[in-house]
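Chains here go by letter, A, B, C and D, matching the order in which they are written, and residues are numbered from 1 within each.
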């Protein structure tokens, strides 16, 4: 089933499990995808930036997508297809859709500067992959160095009917969500799904501003699901309580460069991944960092039982 | 008394209070500097990035420094003198030292890229202001786009005896502190003071890694002082407890572009500033943002009485 | 007389002459301004990027402007007032206009990215300096990292009646000139003067595309004047002939970082400047570079007598 | 035969010929490679930035390399293998070496900033592709935003015996060549080949500074060969004469973004390419631009008969 603008909830960004020797660790892959399904994820994104996508060979990428789709049953799977050129993007997009992906995610190349350059890029990307593939805009200025105003996002949405979702990770970004929802209300933009990234650092308020959920990869995605569901039920304080309990660790995990190492380490501690190995270039945890994470986990365990017994 | 590498504790980055019409609000200035002294700040930094330094005319800058030094008694005052050219930097540095400043802070211009360019820049800056003025390196890649390795900082420290402090706000930055302290231990770098910025987002661990304190501007600088003092006394859990209580608000305040607006708003709520006005270009708070901050303050009040009764 | 959109011809960007010890060399200053008047310059720009503006103290800048205006008689003088903050920009702009400047030039800060950010910046700059001061947009992406589409320039022009000129130094930029002139023809933009920078590297075609002249600082500004006048008289081939004769040297002078050193060296050889000194940070010429410039001058002398006898 | 540091002369950067419908135009490919061989090129580089490498699918890239190697006989062929990840780089490098390539060229990703990051990147790249593949450093700050000091290049050369060549396109870059040659003379760096890029804009002096030739793609590569050969024979003035004759066109072709369109258009006019089509995103020539190029070609024809009769 193709992705639509009705997508809601939490789509974790899946890391790619490797063995210490650098091979894809398929047992961990299966365990990871089972885990996401079991905790109630609403979908999944693979081959995102945090999935170490550029470190995979093309055949590995395809194999990973295949395994994911087979494993998660009817959950929609979004595949990152950002590439330095449209030929590779097209090839990847067509082949993952054939495998059953629900849609693709496209990040802009960091050379883009003006509003028109960004709009043109997405028009050309859609022309390349075809207008029949639902796609997600990745709006992540901190890492991608491309700044999209709400007006630019609206232009992309209105120019391209196959644009169904925004992965929102601008920073600061709360006003951007409000502005985009205002565009929908005043009729100048058709509705899209907005799922938030940025490691979830503002998810507590993002859903209050109108976001439909999260599309990020914190090592306790259950908490992201809690926040979205509690807010949906109007239990604001409870949503903030569970969010705040995780914030010290979540903030630690959100450090650029080293964040994925933190995430994989915690998921290894949780028994989901057999190893926290990354392919090179890899962020690495010092002994001091490991001790800090362990300390944060112990503190978290006093407020969330799911963190108990890990260290 | 000139700044030395023995500096310790919390040196808040002072905002510059303005009236809604854009004039410097001297009554708030006095209240602000009194406040810092009363809460036990160990020093102060004025005319930093968050002090809206570039929005002041030269005479205003000098007047502000004068007032600050007169008001805070024997607390050391650091003055930001970053400028697009060495002539203005020199003029400012000489004149604030004449007024009684303890030292100056210098940020690198964003055009610098290579290690040698950065080292040369600081050598030329020291040549411009004179070797007799103690100075602080501001290492803030997120905003300044200049990336200094620990090795580059060591070169600046060893080349320039007047370098006495690092304002550390790299992100992620914990390993950098450990590495710099290791340089001191292996004798390859003479000791310097390391005070941390970045809104305090990692202060809980930074002091554990060897930082001497904070040099940042959170709206509750008392908490920064608490963390530094508790850690110094070995009360690690208590330090993290008070830090974690503030983290939801601190994280909100650390948003680029809008962070100063949050800080000034909270300091206005606290009765320290008469207005949260900024000079243009100014980040502004929407109604939704104000409501979010008020909500965070209310939640904070349940864990820190100093936040009680503000909203 | 204030600058208007009727400005035409060549407005050289004046370097600031220094003595080897770093003082402003007033005798050279006088000689330089006399030189520009005598060769038939249509105006002048001082305190531009190539005028080492950020290396001057505020009083020096004012003194230079004063001297310039006194010296060049009725030629319009444009003054660069770009500054990290609006307070300094306003102070500088008001004071140079009081001294008799014809207008000011404003470059955008390198942090601007989106179309709206750029438009807002100019609106705020105009609000700061006042709507009565004619200003020039400096559009120089290579150095300033800010990319303005023709549409953005049009918005600035239409929003701000005091915008009278574009210093065009986009690269590549020929189509931009054509597009802006098309905007004027279709009535969507009011007429502005377009003078070209970028060291003159494309001046031969820029005037053919509709530019009104040059606003740059090549060491033989006579050639820029020749090109503009010959093209105005329809002598296309002759314009290209003189341009091509200078191109090997002009290209050498247009190297970023070292270009000003080349320019000052040649102007010293020509007897206009007593020294080619720059204030720090300074690009410097190696012996090999000096020999190369001398070689280029010798070759140039065979095609343009004004270069004869210099080496 | 593998590439060594004895490489000398001109290795043109080959464009990739496309038909107007976007397919690789194999007839033009053959004609192009024959052309390079016939004019006396010393080698070739394919799949460089100007070869539109990222716009090709992996199989197309391999096919192009195969055809090139088969066609140019014993000329060494360098293949660009820059990629967003090491897996793809390794796959490409191994497969083109199997096909008979002489070596590979690796550009740094634009995210690198510090000296250590750059050195580490090349160490990891070599680890990925294997130490047995001769490689070329591409040093192109204007486009890649990575600034390598001579010291950094020396570190890469000394750390990696398989580094045999520098594609030098820093700007300004003449002093860099002199410094690197000085490193060789003082024994701190082993000898490498230095071939220059940047469209050839400074080739006249680069070879005088010690460069071994050119590795760039001007539409009249014969001129590049002339310059290198004349300088090798000590005919300095003749070398500059032919260079200067081409400089107006060469400068026009060197415009970022539109340069490849100029190059392909001229090569089409010369009968080498059947079409000047590019794959998207493509720079395009306006009617005015075409007329300007034609004018430059006509003027060039008066000084170089190889340009005669083209328009």
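One rule holds for everything that comes next: contacts are C-beta pairs under 8 Å (C-beta built on N, C-alpha and C of every residue); 3 or more make two chains touch, one makes a residue touch a chain.
This structure is a prediction, so every number in the text was calculated from the model and none was measured.
Traced through touching neighbours, the fewest hops from chain B to chain D number 1.
Using the average of C-alpha coordinates as each chain's centre, A ends up farthest from chain C. Centroids built from CA atoms put chain B at 33 Å from chain A.
Rounded to a whole number, the gap between the C-alpha centres of chain B and chain C is 38 angstrom. Shared contact sites, meaning residues of chain C that touch two or more other chains, are absent. Contact residues of chain B toward chain C in the complex are 52-58, 60, 83-88, 91, 110-111, 120-121, 124, 127-128, 279-281.
Chain C makes touch with chain A in their complex at residues 113-117, 147-149, 151-152. Listed in rising order, the residues of chain B touching chain A in the complex are 171-172, 174-175, 178, 201-202, 204-205, 208-209, 240, 243-244, 247-248, 251, 255-258, 286, 288-289, 292, 299.
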